[in-house]
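Got a structure here, written out as structure tokens. Questions coming.
Chain IDs A, B, C, D and E follow the sequence of writing; residue 1 opens each chain.
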Amino acid sequence: MKEHSLLSVRGVRKTFGQFVALNNVDFDLPAGEKHALIGPNGAGKSTFIACIAGQLPGVEGTVLFKGEEVTAAAPVDLARRGIGRTFQISRAFLDMSAMENMTSAFVIANGAWASLRRSVLANAEDSARSMLETVGLGDHAGSRVADLSLGDRKRLEFGMALANDPDLLLLDEPTAGMSIKERHHLMDLVAARIDETGKTLLFVEHDIDVVLKIATRVTVMVRGAVLAAGTPAEIAENEEVQAVYLGGHH
Amino acid sequence: MATKTRTGVSALALAAVLTSAAAAEGNTVKIGYVTGLSGACSSISEDGLNGTKLAVEELNAKGGILGRQIELIVRDSQTKPDEGGKQARELVASEGVDVLTGVCSSSVLLAVEAVAAEAGVPHYAIIGSTQKANIEAFQPNFWQIQPNATMEAFAAAAYVAKKAEWKRIQPMGYDYEWGHTSVEAFTEHLKELRPDIEITDPIFVKLGDNNMGPYIAPALSTKPDAIYAAIFGGGLVNLIKQGQGFGLFERSNLVTLTTVDALQSMGSTMPKTGVYGIARAPFFALPPSEELPGFIESYRAAYNEYPTDWAVNGYDGIMIYAAAVEAAGSTGMDALMPKIYGGTFDGLRGAGLTVRAFDGQMSAPAYVGAIAFGSEFPFPTLTDVDIVPGETLMWSEDKIQALRGAAN
Amino acid sequence: MNVLPKMTPLRWGIAGALIVLLELVNRLAGVGMSLVLTEMLILALFASSLNLLMSYGHMVSFGHAAYFGLGAYGFTLAVARFDVPVELAVFIGPIVAGLGGLVFGALCVRLTEIYFAMLTLACAQITFTVLFQWYDFTGGDTGITGFMNPRFGLTEQNFMTLVLVVLVLCLFAMAWIVKSPLGLSIRSVGQDRWRAEALGLAPRRVQLTVFVIASVFAGIAGTLFAVFQGSAFPDYAGLGFTLDALIMVVLGGLNSFWGGLVGAVILVQLEHWVLMVTSHWELMLGLAVLVLVLVLPQGVVSVAGRLSNMLGLGRKK
Amino acid sequence: MLFLIASGLTLIFGVSRIVNFAHGSLYMLGAFFTYALVPLIAPGTVGGFFASVLLAGLGVAAIGLIFEVIALRRVYGAPELMQLIITVALVLIIRDVVRWIWGPNSLSVPMPDAFMGALLIGDNYFPIFPFVIFGAGLAVMLVMVGVIRFTRAGILLRAGTDDRGMAALLGVNEKLIFSSVFAVGALLAGIAGGLAAPYGDVNYLLDTTVIVTAFIVVVIGGLGNLYGAFAAAMLVGITKALGILYFPRLSMVLIFLIMAAVLLARSLGRQGGPSR
Amino acid sequence: MLSLKDVHASYGKAEALHGIDLAITPGEVVCLIGRNGVGKSSTMRSIVQDQISVRGGAVEFEGQSLVGMRPHDVIRLGVGYVPEDRRVFASLSVLENLKVPRPVRDVSRRTWSLDQVFELFPQLYDYRHRTAGVMSGGEQQMLSIARSLLTQPKLLLLDEPHEGLAPKVAEEVVDAIVALKAEGVSMMISEQALHTIRRCADRVYVVDRGVTVWNGTVDDFYANPEITRKYLMVQ
């Protein structure tokens, strides 16, 4: 199984001052999974995502992606190797329109960031338009992101993350702050895309309903360590997990 | 200037076109006065302007120049060269001035001179005194009525050379073009006059540095008999004030530029001995003449203070210009310049001054003496003043030409 | 807001009319006005180059004058010291400024926000000090004068027309860049460098690119200024020019393509007319800036935008 | 001396994140106020001098306070650039007003008689006044450190630097902290200007000279870091003195290079992604 | 004492609360429970007006609307707030942290003096000269609570007071809360851990996805295990 892992994490440790955010985490993610990370606040889920995404300095341990070491790699490098991600807090380009956001994602994905040619722009715009349709934002192409609802923004960001056709998609609390309807709408979309393309998904999610519905596999983290992993059904039955959620301490 | 008048809509110019060619020069003689009323030069600039105004009033009271009244148009250069250049260009273009003057700082002077030369407008310097204006940037529309940096430094060197007991001299200067020129000229001339004197490596002071301590200590460490300081204004005040704390005036002597404003602003904080000053036009040491007492009196009446060197030069500048225009019978450059370069002028600073045609420099004298406190004025003055004739201070034409060759 | 306003036929008409108006004023209002306009247009180009950096790249520079100065000196030194023909030297100025931008920019983009600004300040002061003190080469504080006919020997009016043409061309070039894929990248990084990074864009490389572009345009402005004055002085690289440009951009309106242009027009015209009334220019300018920033924190362009919306000329969002 | 100026600047930045370009102007005002006061209060005496300096400092603090309340307070929510431009406007206003009132000439503030001379140690002269300035600066600094360490005001100030929002959540009026910090910063600048006034000349262009140096010190010391400012003031002072001796032409470039190096070195330790 | 009626609140454009209703009477201890990310912290913030803006509904404290007030004015009215990440002033000592709140003035309320606070948290007295930043999470939490007590609150809001603490330390914090309750302090505590509720709460509000979905006494809460299952468990 390990040989087939798209992402393989060994002994990752990260501290902030005296606080140990991640303590020797091992983790394997086979290709094609839709894997959810859950756990109470402060369990280290977002830190874990950030470590994989190369956004934290001083991470100990190793991270292998497609069998290659990417532990200290820069986010740009990871993006080019095929890791796409969204952020917990919406990080779309607020002062630009949805269309411009999406176009910039395609311009970057095409490696044409420094181009001055209108034709390159036109091509990217075509791709962007169809991606906006895919994520259901066709009607909002001209809207400034700042004027979009949170759900629309998140869908936009998801679309942007898809622009360079990543093999692994990292979503950090994609549904935070959204209404129930919006959550399911977004995550259904995500699941459908992943199933369609056969890519891999790793996401942090609080909404248990969503997790149980979407995920093919779930990892539970507590205080910087992996507590349990398994199918959604296994996790739901796991008493240790319940104790963590209900009692906080064991 | 006649060729350049393009004032367009002004009634003045319309009238000029309608009347005769002679009247095309306008009804007034326009003096374009670009000076640093704000910025680093502002105090000096104001004095120069005061002297100039006085001269203009006097001339106008007597009927002006060539029967035309004089109009003084003042612009603030903010002591920035680009601003000065811009103001000069506007004065030439919109006001159609007959002559430009007033500039204080060297860089502004060069910027204004560039404009004046291009426009074919006469331009003379009364304050700013960079060597470059005489050498590589010299154009035959230009003259300079005050001693330039080299001449002052030569005067200082001549004075130092006479002090037989001084064996070691430490030069010091502001760290910019004028300071370097002055120190070099001083060193060169002193070596010629007194080969036996030891001249130590110069120390250069950062412009605008208020703290002189770091310069004074190393200057005194060579145990010089005198320090020559090409420093003026606030920096000089600082040097003298802070120098006292280092015992500068007990251990050594200071030869420096002491214009009247510096003497005034030092007041009682000036040390009693050990300071020797070079001045450009100290009113108390000027050669006696008919005009001098009247000038001092009317200046004091108008501005409630004694005229500084800058005021004297401002006054003299206009008077020399007026004399030359009268002689030429026209304000046009072609007629005027031969009279400037060929004439002899009398002014507050003496009689028979001439301007050299190849570098525009007037044979202005320099005044050197020891600082002393008298009862006559409420500030220290110079005593035993040597009036060094300008002719003895100027580089020869050969030397100027050689320098020009080197610069290009 | 940040998006370049779409040029409708009406807007083209207004822009065209403004250009014609400028040219008419230039031809009819006398030489003095031509000189004021020339300075205004050059500073407008300079401020627009800073605006490109600030409004699109979201990088605040305290040292933009360095590249203005390098442009002026690049041109001047080429003519005065190396006898390069003027026609060629006008290209050297912007190139030197661009190289300066490349070297300093490579350092500066390692930092962000206020630290970036402080480092640009340090770089500019180094440039200024070198220009000020290297007498033998740069002429030190007295600069370089008299090496050529100012304005290529053109009349004041003709030169103003030339500057106007250059400005319009440069604005077109800037607009082209802003609208191009590169412009999109620049804006992306300016808005959120981490997001851009996660999309596979190296933020520093983009920032360096826009820094160099802004430097080149500043260099063009500097070169024009040197031609205009027929001289170069260290002041051109000094803090004064930087602050003027900053004030222009903020007054005109940050986050607007026209901010720098409008700011330059306001500042230069304000100075021209205020100085006729009072010599307390700095006081008046200070008060004007204070009032404008407090009353119109979005800059003057925002008012124009609101007005045009009210009049039904509005842009479509 | 440099430290007094820089500490005020760094304090203001630390709490309110404002880059105060007008700090040099406040220094200059302190010098001019002292010039105006010295002849009025027991001229020539040590006590009169210090009293003048203190009063001048308080006057500057009052002006700083007025400015903060009238102008700066309105833009705390706005982009930092707005605040910066507002302080630049203040620079222009103060400079012009000072020139209006006191004229463009360099003025000279008389030293108290007792501080005129020099100490002669062996062959070396040590002027007294720099020691006086240093001593007085040190005294002011000690008082400051005392206030900051031991009084509630000082605690609030440090709390504000640490976490402004939390201070508000403990019932502390943020605006009051901003205003008082600005006033204290101005006070320090004013006292520094006053103390240094007799040593050099006083003119209306002091502001630019001072502000650039103060920026350097603050940046080298770490923005918002008081003790860093102290160390950096020493470093810059020594570098300048040594620079003058060994690289006279390059001393300023040297200091800017140090500043650039410090900035870059610090950036290496401060990389990383968004906080969440 | 405190009442929230149909409160909608948002961070910028993102609405976090979609209708919160709750009320607290003097002397009561109320627990807000719910899984993480459902809006417990946002509810607290919408009371003290910190970072979040209330877009609809009413927030009233002793009959006075708090909406739009500046945070420090809310605090001065008598609402103490201990934020979830504790936010001690890291560079200040413990004692200095405790001196940040204004000294006691209002004699009409139940007031706390420094000595009383130290009595409640003896470790703080032992560490009073330590720099807060180097203390353990539990100690910081004690400090943060103690600090808020010195704002002389009539009502204390505690946001996840033992999040991220070791079990033993967390227990100490709960002990302190129980002690405070014994002193008659009104409190609102947001919680994820059920056993705390049993020890100190009078009433319980369950929050789910920005809405209060259930409320009742502690006994009712335990009598209805389906609530726990529905809103708190992983299922």
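Everything that follows uses one rule, which is that contacts are C-beta pairs under 8 Å (C-beta built on N, C-alpha and C of every residue); 3 or more make two chains touch, one makes a residue touch a chain.
Computed from a prediction, not measured in an experiment: that's the story for all the values here.
Novice: Among the chains, which has its CA centre at the largest distance from chain A's?
Specialist: The most remote chain is B.
Novice: Which chain has its C-alpha centroid farthest away from the centroid of chain C?
Specialist: It is E whose centre lies farthest from that of chain C.
Novice: So how far apart, in whole Å, are chain B and chain E when each is placed at the average of its C-alpha atoms?
Specialist: 77
Novice: With centres defined as the mean C-alpha position, give me the chain A-chain E separation in Å.
Specialist: Their C-alpha centroids are separated by 32 Å.
Novice: Centroid from C-alpha atoms only, then distance chain A to chain C, rounded to Å. What do you get?
Specialist: Whole-Å distance between the two chain centres: 42.
Novice: Out of chain A, which residues touch more than one other chain, so two or more?
Specialist: 53, 55, 75, 87, 91, 147 - these are the residues of chain A that touch more than one other chain.
Novice: Where in chain C do residues touch two or more other chains at once?
Specialist: If we look for residues of chain C contacting two or more partner chains, we find 133, 194, 281-282.
Novice: Touching at least two other chains at once: which residues of chain D meet that condition?
Specialist: 208, 249, 252, 273-274
Novice: Considering the complex alone, what residue numbers of chain C touch chain D?
Specialist: Touching chain D from chain C are residues 54, 60, 107, 110-111, 114-115, 117-119, 121-123, 125-126, 129-130, 133, 194, 239, 243, 246-247, 250, 254, 280-283, 285-287, 289-290, 293-294, 297.
Novice: Which bits of chain E are touching chain A when the two form their complex?
Specialist: Going by the criterion above, the answer is residues 11, 13-16, 18, 35-38, 84, 134, 136-137, 160, 162-164, 167, 170, 192-196, 209-210, 228, 232-235.
Novice: Given the complex with chain C, which residues does chain B contribute to the contact?
Specialist: 6-9, 37-38, 76, 80-82, 85-86, 89-90, 93-95, 106-107, 110-111, 113-115, 117-118, 130, 132, 136-137, 139, 175-177, 180, 207
Novice: Going by the contact rule at the top, pick out the chain A residues touching chain C in the complex.
Specialist: Touch list, chain A to chain C: 53, 55, 74-76, 79-80, 84-85, 87, 91-97, 100, 103-105, 107-109, 112-118, 120-121, 124, 142-144, 147, 160-161, 163-164.
Novice: Could you list, by residue number, the parts of chain D that touch chain C in their complex?
Specialist: 19, 71, 74-75, 78-82, 84-86, 88-93, 95-97, 100, 208, 212, 215-216, 219, 223, 249, 252-253, 256-257, 259-260, 263-264, 266-267, 273-274
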